[in-house]
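Two complexes are shown next, each including chain A; its partner changes from chain B in the first to chain C in the second.
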Partner chain A sequence: MEFSQNRSYSTRLAVIGSGLAGFSASIFALDRGIIPYQIGNTGPLAYTTGYFDLLGYLDGAALADPWAGIARLRAEAPEHPLARIADTAIRAAFSRFCGAVTEMGLSYTVSGGKNLNALLPAGLSKPTLSVPATMISGVEALAAREPALIVDFLGLPGFSAREFAANFKAMWPTLKFARLGFPEMETGAEVYPEVMARALEVPAHREALAERIRGAVREAGEVAFVGLPAILGVHAPDRVHKDMERLVSLPIFEIPTMPPAVPGLRLRELFEQALPERGLVLAPHRKVERLELRGDSAILHFTDNFGEVTVKAEAVILATGRFLSGGLAAERDGIRETLLDLPVEQPETRADWYREDYFDPRGHAINRAGLLVDDAFRVLGRDGRPVSPRLFAAGAVLARQDWVRQRCGAGIALATAFRAVEEAAALLQERVG
Partner chain B sequence: MSGASAAAAMPVIDFKAKADELLPDGASYDSCLACGLCSSGCPASGLEGMDPRRFIRMAVLGLNEELSNTPWIWTCTQCKRCAHVCPMNIDVSVLVGLARGLWPQEKKPSGIVRSCEAQMRSDSTSAMGVMPEDFVEIVEETLEEIRASDPRFADLQAPVDKEGAHFFINQNSREPAVEPEEMGPLWKVLDYVGADWTYSSSGWAAENFCMFTGDDNAWRAMVEKRVDAINRLGCKVWINTECGHSFYTLWKGVERFGLTANFEPASLVTYYAKWIREGKLPVNSDWNTRGLKFTLQDPCQLIRKSIGDPAADDLRFVVRTLVGEDNFIDMQPNRNANYCCGGGGGFLQAGMNEQRRAYGKRKYDQIIATDASYVMTPCHNCHSQMEDLGHHYGGSYHVVHFWTLICLSLGLLADTERKYLGPELQDI
Partner chain C sequence: MPPSDPHSAISRPPRRTRTLETEVLVIGGGVTGTGIMRDLALRGISSILVDKRDLNAGASGGNHGLLHSGGRYAANDTETARECMAEGDILKRIAPECIDACGGLFVAVEGDDPEFAERFAGYCSAAGIPSETLTPAEARELEPALSEKIFAAYTVPDATIDPFRITLEQVNQARDAAGSRFLPHSEVIGFALRDGTILGASCRDNRTGEMFVIRARQYVNAAGAWAMEIARLAGCDSVRLLYAKGTLVISNSRMAKRVINRLRLPGDGDILVPGGTVSMLGTTSDKVTELENLRPTVDEVDRNLAEGIAMVPALASARFIRAFSGVRPLLMAADSGIDGRKASRGFALFDHKDEGLSNFATVTGGKLTTFRLMAEKTSDLVASRLGNTAPCRTAEERLPIGDALRWTTPGFAARYWFSRKDPADAILCECEMVPRSAVDSIVAEAPGAEDEMTLRAIAVRSRVGKGSCQGSFCGIRVSSYLYDRGIYTSPAGLGHMRDFFAERYKGILPVLWGKELPQAELAETLHCGLMGLDVAVPAAAADSETGDETDSETGDGAGQ
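After this line comes the complex of A and B, so read on.
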């Protein structure tokens, strides 16, 4: 080892980004026997609810059947990334991804034909395709309007059981609410879901909390379910969840909370631990600073604690995300792709980015800006042809979608990563041949 | 706490302006979303009414007087977990370091200041005030005792100031000052692998509290003295023994102060792993017939702040080999995402015991969640803090050095070297 050391590596496939698109691309590549080199900054994965949406809304209306919604997209918006992918590939992407996450130790429901109506923190719900096992009872309780006790905690901002029950009152009148002190965190100071979740990895803390919940259930009267903010462990939520249900003697469901929330931390810590054990070469919390495209390869440059690192790759998947993740930058003279200054499809002027009303159901043009790709998910240049046969893109960086309004973020991430990996694998196969 | 109370006469600085100067390329305090991931993941959150998010928001709002006065900066261990989890790469620890340096010496926690002053007092650079001649004498006496106690070690060596030795080994002052018998296992390991090594009478100490005072000049002075000692002896490799921050302070200091180091820096952990892989240290877990469970503390200074995954991998390889694959249980979170135990940053010396133990509760819960009987760590501050947390919160786990278990496995551990082992391992 030196005090500082510049190092060079080579890989068949480099994945840039560490959100859902980046990590799922690595999972799909490992499935195909390709060992990727993945580099990604911390990113906003920790902000997720934990739900994997396929397609929840079109034109402001909730979709019970996301597949019918995708069929509509094919007719009405054929350039939408989901419209360009066959149902079989989308199903395979979801099923494989949810399966892999479950195998790694974080159980998810099997993605099916219909959307689930899943709970949100403020007493709302949204259509989604797959939810963590710790949250599925909430979907069932809502569907059957079962009497449930929603619990919040002293000092926990951003989640109010009373607000949750009040907003649901019309459709779910049997909801009750209670506020508890979390054992050993009752000074009135701010408490964080992450801290409570870590504490619940310890059996004694589970017992102490369960005793309080049992007391609240007794006071609440007839209750068939208990709903908690998502605090049932970070590393082993399935185990913590089961144990709490045993201790409380009622089915329990988690409700996602506002960031900083636990469901995203679970995913990030799971991926960072479990995927390297499966062979992934991961440089987490590192940002690719420069990307060069050469005739037969791409060169990625980043810096770690010891100096500069270069990675030579035969194929690259850009899963760099949008503005928050740094894949796109909004500047005074337009929207720019940050690594290669790739052409970004975008409104003509800055004045066209937003409509007058932020909540306009038609959405804002800036949200549909992004990279254009061909059917093989290769990034297109200004001439409408692929910039390089080895440069693919996946996830939110793609144009012609509005993942926030359509609730299709995970759908786009997983399905486009699946396709990009499929095409990258074909390219790598050719090169071997 | 001693001496760290807020005072009106504290110099006030423009945190936001300073922060902008110190930021790495591409990071921006203006881009803070106030999402709170930093505070959620920081064991110092809530102490002294402060947390990392609040600190940054106050800096952005120009509340410089409040930030210049808050004693929270002495509860932040500068572990950099906030930067690790921040999507915008905002690092609160650099502002904390800056604020620490600006406190008048007499207002800083006296324990940290006294430790630094002791380091400045002699060529030893020892925070416990062990003078060079005392160190040499303690090493000689301890060596004599080991040689006399067991004929297998009649020729054991512990060279000092041996010019041209391949390895320069440093030593945390706690051993020569308080428990010299703990140096024995290290010497036996070095002897077993046939290492060509030496201590130095100058710059031998493996701790640097000057860095924690926020005084860059003092940090530099300590590192310069040590680098000079290593250069002078012409050693090829500087091996930092089982200590976290003393690796970081020299490794980072060489770059930060532009020093010339004619040697490679290395952690002893890297060499334990290398020697095991090469068959020079044929350790195994045969001794662990009871299936005792072990967990591992990743020192922030060694893992997140410096070597990162390669050292984290080596640590796990060594532990698994020593205790058995099935007997190792990782703490969660771990590696680069691990929580600081609360022993770092000078916290153990700062006299703020109530805050330090509140900080350490998260570490205590992490340990208890593993249900392990033993915690291994290659860091003296982690070691002391986790022991104290165990006593304070009623945990029954033991904290052990690596060298203890390596010698236990090799059948080289003397009865006097078992102070950190539980009763079930006293006779093995």
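After this line comes the complex of A and C, so read on.
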């Protein structure tokens, strides 16, 4: 990396995107001794539940064993990105990523052979592969139908402990619910999970809240667990969580909430803080405006507070996401890829994008639109051949998957980033050699 | 794993058939049916109003919300034009809170017939419509969004109306004046007839499947596009309708202060009507044979835009939040009724005397602007049959402004919230600034609140779900609040939430492109990934939305 007056940088690997695919690509690259340059806008991490799904549903049916699901994909939908990656690589991607996040200070459970059944805020659950340590007790409490007290907060809309208990009642009748005022935020005015989470990083606030929770537990009678919306700290949730458990003298679990939600915020702030410490060159909250492919390199253009910046890269991983993140754009006459106008596999006309029924279990055609790649995750051009040996794609921008309906967002992000980095590393190796 | 059928909790065991008694049964909860309910109540006549869905679920909710000055009819139907003027004046007096007297323009665009444009001023003056001729430059000064290619422009006194609010007010006034009642989700499925008299109407509560009977002295069919079906249930074939489906599209911002009409014979996308903070462009007109399962299509949206862009070029790059459809009932022939001129008036009142019935009347056709007059003529007939000689008072009597009736008006909730300065009254719908207290007052006392109030029912009675997020966030927040209030107590609430999103989606789908599409993508992530509504909650069946009902829920059109 060198600094020059016209603010041009060069890097071996540029990663464009700041979701799970982008950040995991950077982690995998750092593991291989490659120092990437990562640029991405604010990113969609604030929208995640915090759960890392590998594959939760196929054809509307929940999967207890995601690996069996992937085997089915290989037979029935071999073009699905997950079907194109060996189990060993997927396992390595998950365990390496969850391990790295845990090492950086945000503990996740070790991803195993089976899906966990994790809690959702409306009193439902979903299959997922790895959950934050602050949420794992919820999986256990649900599995054993343990008596649990769910707490919500005055002024926090969209999360109702009473709703959670009412919808779980049939299968989990021992649930109880209580509403508390959050210390010093109890006028009834709207309170925000992020603000509560940051407040709980201060010990005095934890003590005040714990005292109220203890009171509610006493009133609730027999209670073995306490469930809270996800508010247990942003920077040190494991510590806040442990301390709250100590103060309340019961195991505590968090439940994901509506965005902008704390679990995603934790990931974003963690990545933005910890990865640069490990060498990543990160231009966060920036959008790459232009990407040029040249014979021996790719040039990225973006603007920061000080003006224009160009980055010359030997390899590029596009982890630009779909419509929400700006990797794809939908015009009245078709879908296009926003940086290079790469060919997008898509339905023939706009009338074919969506099904009539919003919740049709088959999902909408537009959600399977995206970039096509070869087995090395190089982006394919209109002629069906790689656009460039140095242009890779990973994550949700890829075609032929429906990560929302199949609950495979993290799976696709991590596994495809892992493969793209592997192939990019091989390319860079060749060049060195 | 996820709980089982969330609707199981709301199916109730069958009971003995209930019978309700009233003086008049009015069928159809649109502007006309509620207008009749009000008119009768002001004459001291109590009624029960039923709708198989909810208020304004048909054309009354699926229109521009335009109070025509009459300019549109001036060229070929002077009488209708005059009627529009007169009725518009009355409505502005009795319900000013429902009306935005924004004014309107008629503009001709390059390619339109210059001779027709030339004659417009003459038509208006013949119909008594005050109109001024503007130069294109003057018109563009008034409305900068107008195309540079306009060559003729006239002002007219067009206005807009919030049809949801006026419907709620009418029901409320009828309740207060005569104890009249509104029963939502109550469908008439048959009549018991003897010797030329209807003895009773068999009804079904579409939420529970419960059957019940309503006995009345007089029966009024104000079912709009469904009037032919209702008349046939009473054995009457004289009501013959054609159905014209019209689709409109709503922009995210208000494109013009005034109503903009294309100065030519009616066609697709030729009226742009403001509605608070948004504008509505429409309509298409397509003959249909089916009334149910109508939904706006991509093609209809594109047709509206293709024409609308000629008047207002900025529509080409505007963001649209929703499309919606309504069905206009068109009268096939005017060969029955008490008023020989009804064909020209666009509505028809059938007394069904020729068909041997003495206590049944049907009113259909017509237009939003003249609904009060339709209600008056119908109520005159019903009152005289009941021997009631009280005069109609609907043209003079002011409509009430109730606490629970104000929430459909664009911008009201925000003004209310800021003026109250009560931070504890948390906002549930952020786009439209609908606070908790609004939901409280609707649940407590809005028409229909006697029964169970659902997310969709609240949305019909407020701006919930009508802002730029189209309910994808506030639907979750309002549902949670309904659980908190103990109104939802089981997974049935999730079923209602799912129905609400599925219904909003029908209107969103055809406008998904550009900046709207990422929002839809986020919404789907929320509704499926976070809420689990796609897999955990079976499609609604047991509650109100039975098969025949998954319609065009236009129910928010003009209120936008």
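Here is the rule we use: the second predicted complex is superposed on the first by the 427 of 433 C-alpha atoms of A that agree within 3 Å, B and C clash if a C-alpha of one lies under 4 Å from a C-alpha of the other, contacts with A are read in each partner's own complex, and residues count from 1 in each chain.
Methods note: contacts are C-beta pairs under 8 Å (C-beta built on N, C-alpha and C of every residue); 3 or more make two chains touch, one makes a residue touch a chain.
Keep in mind it's a predicted model, so treat the numbers as computed, not measured.
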Margin query: Quick check on the superposition: with chain A as the shared anchor, is it clash or fit for chain B versus chain C?
Written below: fit
Notebook entry, point to check: So, does A:Ala170 touch the first partner chain B, the second partner chain C, both, or neither?
Noted result: second
Notebook entry, point to check: chain B or chain C: which reaches more residues on chain A?
Noted result: C
Note to self: Please compute the chain B to chain A to chain C angle from C-alpha centroids in the superposed arrangement, rounded to the nearest 10 degrees.
What the structure shows: 90
Next item on the list: Pick one for A:His235: touches chain B only (first), chain C only (second), both, or neither.
Entry: first
Check: Thinking of the overlay built on chain A, is A:Val404 touched by chain B (first), by chain C (second), by both, or by neither?
Finding: second
Next item on the list: State whether A:Arg350 touches chain B only (first), chain C only (second), both chains, or neither.
Entry: second
Check: What is the contact status of A:Pro81 with respect to chain B (first) and chain C (second): first, second, both, or neither?
Finding: neither
Note to self: Which partner chains sit in contact with A:Gly227 here, chain B, chain C, both or neither? Use first/second/both/neither.
What the structure shows: neither
Note to self: Quick one: is A:Gly50 in contact with chain B, with chain C, with both, or with neither? Answer first, second, both or neither.
What the structure shows: neither
Notebook entry, point to check: In the superposed arrangement, does A:Gly395 touch chain B (first), chain C (second), both or neither?
Noted result: neither
Next item on the list: Classify the contacts of A:Pro183 with the two partner chains as first (chain B alone), second (chain C alone), both, or neither.
Entry: neither
Next item on the list: Between chain B and chain C, report the minimum C-alpha distance in the superposition, expressed in whole angstrom.
Entry: 5
Check: Residues on chain A in contact with chain B in one complex and with chain C in the other?
Finding: 47, 189-190, 259, 324, 326
Item checked: Touching residues (chain side chain A, partner chain B) in the complex -> 1-4, 41-44, 46-47, 184, 189-190, 192-195, 198-199, 201-202, 204-205, 234-236, 259-260, 269, 272-273, 284-285, 287, 289, 304-305, 324-326
Next item on the list: Give every residue of chain C touching chain A within the complex, in rising order.
Entry: 1-4, 6, 295, 297-299, 302, 423-428, 473, 476-477, 479-481, 483-484, 486, 488-491, 493-494, 497-498, 501-502, 505-506, 509, 512-514, 517-518, 521-522, 524-536, 539
Check: Can you list the chain B residues touching chain A in their complex?
Finding: 25-26, 33, 35-37, 39-41, 45-46, 51, 84-87, 89, 251, 254-255, 261, 264-266, 270, 305-308, 332-337, 361-362, 365-366, 368-369
Check: Which part of chain A faces chain C closely enough to touch in the complex?
Finding: 47, 49, 57, 60, 62, 117, 120-126, 155, 157-160, 162-163, 166-171, 179, 187-190, 256, 258-259, 322-324, 326, 329-332, 349-351, 353-354, 356-359, 361, 364, 366-367, 404-405, 407, 409
